[in-house]
Each structure stands twice: as structure tokens, then as C-alpha cells.
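Chain naming follows the written order as A, B and C, and within any one chain the residues start at number 1.
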Amino acid sequence: MATAFKVPSSPKPSETVGFVRNAWYVAAWSTEIEDGILGRMILHTPIALFRQQDGQIAALLDICPHKFAPLSLGKRVGDGVQCGYHGLEFDAGGRCVRNPQGNQKIPPGSQVATFPVVERHGAIWIWPGEPALADVQAIPDFGFFSDPAWKAIYGLGHVEGNYKLSIDNLMDLGHGLFLHKASAGDFGDARCEIEVGQEGEKVWDRRLYPSLDMPEALAARFDVPAGAPMDVVADIEWLPAGLIQNLIAMCPPGKARVEGNMTRGMHCLTPETETSTHYFFANVRNFLLNDPRIDEGLRRWQKDALQDEDSMMVSAVERNTEAAVRLGVQPIYLSTDNAGARVRRVLETLVRRDNC
Amino acid sequence: MATAFKVPSSPKPSETVGFVRNAWYVAAWSTEIEDGILGRMILHTPIALFRQQDGQIAALLDICPHKFAPLSLGKRVGDGVQCGYHGLEFDAGGRCVRNPQGNQKIPPGSQVATFPVVERHGAIWIWPGEPALADVQAIPDFGFFSDPAWKAIYGLGHVEGNYKLSIDNLMDLGHGLFLHKASAGDFGDARCEIEVGQEGEKVWDRRLYPSLDMPEALAARFDVPAGAPMDVVADIEWLPAGLIQNLIAMCPPGKARVEGNMTRGMHCLTPETETSTHYFFANVRNFLLNDPRIDEGLRRWQKDALQDEDSMMVSAVERNTEAAVRLGVQPIYLSTDNAGARVRRVLETLVRRDNC
Amino acid sequence: MATAFKVPSSPKPSETVGFVRNAWYVAAWSTEIEDGILGRMILHTPIALFRQQDGQIAALLDICPHKFAPLSLGKRVGDGVQCGYHGLEFDAGGRCVRNPQGNQKIPPGSQVATFPVVERHGAIWIWPGEPALADVQAIPDFGFFSDPAWKAIYGLGHVEGNYKLSIDNLMDLGHGLFLHKASAGDFGDARCEIEVGQEGEKVWDRRLYPSLDMPEALAARFDVPAGAPMDVVADIEWLPAGLIQNLIAMCPPGKARVEGNMTRGMHCLTPETETSTHYFFANVRNFLLNDPRIDEGLRRWQKDALQDEDSMMVSAVERNTEAAVRLGVQPIYLSTDNAGARVRRVLETLVRRDNC
């Protein structure tokens, strides 16, 4: 009648726990940091981010070494910050430069840790690992975000799940036809050609859906004729630890692989803790740059698909994983997981490298 | 002046921890499951419940073995379910019958666990233990719930406490004169005859309060004259693990023990986790079947007495128990606890049987 | 470029964990206890507080030994309490004096623990330690709270942090110029004379800010001329475990040290748990006793400075401390910490004395 269900005695999660520390992460969008100090937990580490007078960003550990107050509750003073509790001042290099209390001496050991940080492509990038290894050239090229031929829409979400679950979600484009049926349109289970590849640490999945009939909402979002068949290209590419870019192109059938109206996406996943993630997403397009309806369509897509569908599902998976592991459910593998599985293998190696 | 109070160094809870797995539990009211898939945590196990096309209920572990998405976030397809994440389909027996992704092969190991489940007395019953031991005859007879001589009112509560505390509450009718003073009426501390008994695993407590003066609210709820004396019969009976039925009868004095206007109750306690409980309650009556004021009176009773008084107190006891155990408070025993204590002994035996 | 940041492998907090049990704590303001029973967690112990018929306060462990229901959910009966679950009655000495259930016998072992408790200075004082050691003379003299030459304003806050962090906050008056810039006025980083002292377990910090220019809001609160220079005296004094009184005096320059308009404060910190604190604060003044604008000014100060600034910062420090300890941040010491450091040393000794 039913499959015997046994609660196992000692289930074990199979993965190495920990973060990839030696990697660039997005800490904030550029527009989030103006005159104040932004406090944000990154890789389970509280960080205070602020601009110096020349606009350069500084990143300090968000802990005043005096009483452990968050420096982000203080205020900017010159090129540094003043703690809001007792007024100690630290410069952008984390050195205590002023003690307004009592004997006014700078106490020994008052150095605050700092992190390599750089601004690029509309984002603030942070390197939580060994500073000597931080190479700005390793930040992926998201150049189309500053190219006037493209128009960008930025957004920021918060996922109640481990960042690897969000990577699984994005790198496996096969979820789109099901999870995004409401937001992207119902294509049944349209077949596609899939090419999965890897080059060093870079992993990609490229799909071509030939001759899809465009439903009205999607056609409007891409400014292509509704009802007419289109070749749809969906490419996605990952670089460690949480940096993903994708491309969706609507190509008139029979033309070149990538042509026509297209959007490109930046999906930067920054672990907040082991079970929560900052999701920085942005989309650019190469058509109707000044049409506010297209802006609005992309904002709706970011809300509906990336937050209400993707992040909702990732959070549900995170919650369910505790039960799955405890109850001994063995995960199964589908061929659509190929890219995600390669990513996981690279991540495993990097986590082990950074946590030994 | 005051009793010396010492914080003990290593208090120990005295009970076997774990659930009775080989028992029938109410998973849902019948009316909760229509076209969709109901996800509900039962015995700390996520369950997906849905109807097949012929109306029969199926119960699957609510975890897709691919990425651990809750199947209850998907949709019904034919006699099975389709996962809402990647579209894998499972039939009512938990077999993966379709993979719309990539090579479309059914992956090995894709069986989802199922649970014996049956619909009876307006409720969906589930057996979380060994399927071969599931005997539908063991479900208690709540036949009056489908008898036209009775009219039923159903309700569902959620208790922030272990289900055994709710059983203690129900099986010890002595709490009624105090905890339910506001909802049932103030009878001082009226005396009663008590008969406690046990037959195999069944435990009961039967009480007769002779010649109670009926306060107005209670008289109206039972359609008996206010102010006049009534013999009140209050019987309650437990079967493993959380199945309780009770009877309240308003008997004209000097007549037979059970006669006159009466209500019967179904109180099914299904552990959600070790510290929370689904409380399925329902009441039938044998008088004024079509009078909406009596319906309303029973609904108010279910809210005031079963939720705002009983479940509130059970939650307070659950919260206080951590402190009581930590501080070494030794529980005392009253004669009114006789039925509850018998229940606890049976439960201890069954928990040990199912967790060895 | 940046300081190498390493996550340490096994950070260790440096302090003895536990409470000072043999000490007087404020359990409630007198006005909080009228006819009912107040349930309050104190030193991680649930306490039920009520008045006997002659107005004297009783303090019982808030756990009925029958089923562990909180006695504070019951009601007062005579000089004792009746449990709201099954009606057991306990007198002010914690003795079970009535069992209305079943055989009505008082069960053995039904004694509820009690605590020495006394009412003084508008507050209810409790001694959670050894009753034989409870000496009412040890309660500090807050006599000005019942002196008609002073007018009092009472308040109660809840801090999401360990009480020692609130003591640090109060005993280090150096935070005022920074954390209270918005509520007290901006004095830059005005210099002051500091005298820190200790006598037995009593620790104090006394400061004199000569010739401060009074900003308008502060001048109005103290009824002194705005803009004119004033010598400001700020004294604070601690007694175990969480009892602090302070004085702020506005002295015409060149006069005696303490003269002119002044407020005195009572700051009683009672641990609720290891990470939360009841904060009983009250202020008296010796000027314009009948002016409601001064009442209102003190109430605003209690809300803005004691809750929105002090307690907000203490909560932020409590949250940040987990990260600071985990990440191995070594705290630094400023000369303004002298009084707080003495308090911490006394507390360490007392915690060790009471937890060995």
C-alpha cells in the first residue's frame, strides 16, 4: 500500500561547510552609499562601508574595538568614521586617529580590520579574504552596465537560504518553464538545445529554444511581435563565488544565434550568513532605452520572477533541506543539473582551499 | 522568612522523547483538501496531501528528491503531482512518472515515500509508522459525525505545546471549574462522582455532577431551562496516540445517566513538532439541529474554551516547563490526574516500542 | 592595502557566566502591583508578585507544582493565590492550603518556593539568593523619592542585552557627549575633571564640566538661562548588582560643587535572562515641582536618552558581541572606563561567590 518510511538514526549532510573567502563579492550597489555609513553582514562578518571625501569607498569591520558598538551607528568625519558611542575616530585604513575621552591617548591595539574594496559597474566589490591576493582584474567584466547602448535597472533582494541554492536555481535554466510559468509565459515543456561548458573556474549553460510562440506579456517586455515564433537564446555563466551573468535574446528564426532584442543580467549572490543571502540583480537591454514601459516590465520581472518565484522557492528548499537531511532523503540528479553540478564541484574545492 | 531557593546543577527531564509512529493521526479535515495540495508538518515530517481524480486521498513526503522543493508548492496533474520547481511528476504511489527536463529519463532513486491514508468521519487519517501495520479498523468510531440525528461543527487550532500537555488538559476534567469559569459558568467547586477506567490501551474518565444550577449562558447553549437544577454528565475517553472523544449530557435529575440534550466532541491531537500540535476539534449535538444560535454557541465554545483557555494554558505550561525542569521543580500528583497518568503510562510504552 | 583579516579558530569569551544571586533587585515599581498577580522573569526565574490584604508584597516562584502552570495566570484569594488551571491555593508563604480537586487532600511536596521581598522608595525589591542573607538595610537609600522637596517621574524599559552592558553604559559618563548629542545638546568634546573612586563594593565616577554654554533644550529642562555658562556636575554611583544612582546639577560658576537646580536618577538594572534586562529608571528634581513642562521634559529624556539612545546602543553592542568574540576582536581600554572596570571586577567576584 505505501512505501515503508523509516526515520534514519544519524543522517549526515554531505558538504564542506564554510565560505569561499578569497573571492570578490558585491557588498552594495553604488547608489546605496552616499554620505552615511552602511552596515551590512557579509560572509557572517559585519562590515561598515562609507565613502571618503574623494568618493573612494572604505570597508571596515563594523565593530569598534572599545565596546564593540557598530561603527555604522556613528558618522563620517573627514575621510574616516566617528563611533557614535564614545567618539573614537578611525581613518579609512582602520587606524584610530582620535580619542576624545579622558587622557585622549590612542590606546594600543585599536586598529580596526579593513577589507579590499573597489567600485565598478555600479557596484561596490569587497574581498573578504587575504588582502595580498585581491586582484581587481578578477572582477568579471560587466561593461555593458556603463555602455550607453544599454539601459540598466537595478534591484536588491534578500533570500532566506544559502547562496549555493540560489546558484543552483540560476545555473539550471530548466526551472524556467515551470517556476516562471506565471511571470514568463506558458511554453509547455518546450525542448531546447543545451550546451554546458567549463573553462578553468568559469562554468556556463547555453540554451536555444527554436521557434517559440511569443505570449503577449513576454513579447511586450522584449518589444517583439506577440504570437509570432522566435528563436530564444538563454545563456548563463558563473564565476566564483557568487557572480553570474546571463543573456536572453529574441532572435528572428533562422538568423544568427545572438541577435535582435536582448537583455543581459547581473546576478551577484553574496552570503549574509550560512542560511541567508544578499541578491544583487540588475538587467540591461539594448532596445527602447527611453521607454518607461520597458523599465516597468523589467522591474516587474525582477519582483515576480527573481523574488516572488526564485527566492521564494530557494527559501522553501532551505527550510525543507533540514527535514530532507534529517529524514535521509537521497537527492537525485537530472541532466539539467550539469552546469550546477560543475559549479558545486568548483565551490567545494575553493571552500576547502579557504578553510583549511 | 522565605524558603531557600537553590538552582540545581543538572536537572533532568524524566520522559522518553519521541513520537508514537504506529498510530492513526488526523492529518486534515476533509474540507481542507479540494483541488490543491496541502502541505502540513506531522510528527516533524513534512507531508503533501491531495486527492486523486476519484476523490481518494494520497499522502507523500513533501520533499521532491531532486532539489528538496516542497511538492505542495506544485500542482495536481492527473492522479499525481507535478513539482513546481522543475516539473518532475509523481503518481499517488510516489513513483516518478515523468521528467520533462533534458534527456527526459526517469532518474534512479526517484521514489518518494508515501504514507497510508484514509478518509473517515469528515477527517483525513494518516499512519506515519510501518505501513504493514496500518489497520483501518483501528480508527475509533466517530460514527455520530455522519449520523443525521446529530449536527456537527468543525474547527482547527494550533497549540504551541507538546501534544501530551493537551492530552493532560483534556483527560483531567477537573480543570473545567477553574479554567473555564468564564466560558462555562461559575459552579464554585461543585463535587462530582468520578469513575476512571482502562481497557487495553483505552483510558476513560467519567464524571457526574448531580443537581447543578444551570447558569444562563450554558443553559442557552444546551437549550435547557436556566436556573433549574440538572445532572451533568461529563465523560471523556482516550485512544492512542492523540484521539479523544467526549460527551456532555444535561440530564433531568433522577433520570437515566445519559439522557437529554447532549454534545459529543472529537478532539484529535496531532503532533506537528515536539513543541507544537495541530488540534482538530469538532462537536455534534442531538438537539435543535437547525438552530443557528446553537451553531454559534458551539463555535464560541470552541474559540473561548478550547483555544483561548485550554490551548493558551497548554502553551503557558509548555513555556514554563523549561524553567520548571531547569529549576528542579518536582511535579505533584492529584487524584484528578488518574486518567491522565494512565494515558501517560500507555504513551511511554508505545513511544519506547516505536523508537527502539 | 588592507589589514589581513583572519577568522580565528576557537574564540573564547573571557567572563564568568552567571548571576549575582545574593543581592537586592528591583522586581517592579510599586504602582505595577495592585489587585492582580504580576508574572515577571527575573534572573531567568519566573516570579509571581502580589499584594496580601494588608498591602504587603509576596513573591512566589511562578510555577504551580501540579502541572507547572504560571500562578500569575490565576487570581488572588485572601492572602494567597489560586492557580487558574485546577484551583490549587497557595498562601503568601508558598504553602498549598487548599486542593479543590478529587479527594481534596493537600499533596505532599506541594510547597512553592518564595523569595524575600520588600517595598521601599516606590519599588518592590526582591532577593533571589539565600533568604538568610537578605538584609533590608543593604537596599541603597533612595530617600529623596519619598521626600516632598523632590518630585519623581518613573519609567520602565526593556533592554535586549546583558545587564552588565547597561552598567558599562551608565558608569562611563564619557558616552554622553556623543551618544546623547541629539537629546542633551552638542558640547563638542568638552573637557571635564573626573574623580573615580571605590569604597568596599561601592564604585563612583564624578565629573565636573566647568562653564558649559547651555543649549536651549537642556536649559529649559533644568530651568536655567539658555546661553549662559554653567558648571555642570555629573555624578554616578553603583552598588551590586545593578543599582545605580546619579546626580546632575547645574551650578552657577564659581559656587559650591553641588548647588542649584538638579535631578537625581535611580537606574535599577534587573537581569531578565543572560541577554535581556528590565531597566527601572526614575528621576527626581528639586525645582518647579508643579510644572508639567518639566515633567514632560524628564519623560522625553527618559524615552530619548535612556531608551532610544542608551538601550538601543546596548542592544546593538549585545548583537555585535557575538561577532566580535567569534572573530577574535580584542577589546581596548580607555581611561573613561575606569569606573566601569572596577564594577566589572566586583561583579566577577560576586558571580564567582554565588555560582561556586
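In this text, a contact is a pair of C-beta atoms (placed from the backbone, for glycine too) under 8 Å apart; a residue touches a chain by one contact, two chains touch by 3 or more.
What you see is a predicted model; the values in this text were computed from it and never measured.
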Topology of the chain contact graph, where touching chains are joined (line, ring, star, complete, other): complete
Chain C against chain B, contact positions shared by both copies (same if over half, else different): different
Distance between the centres, which are taken as Cα means, of chain C and chain B, whole angstrom: 45
For chain A, residues contacting two or more additional chains: none
Chain A residues within the chain C interface of the complex: 21, 44-46, 59, 61-63, 65-70, 73, 82-88, 93-94, 99-103, 105, 107-117, 128, 130-132, 134
Contact set on chain C toward chain A in their complex: 1-5, 7, 165, 168, 172, 174-175, 177-179, 189, 194, 313, 316-317, 320-321, 323-324, 326-327, 329-336, 338
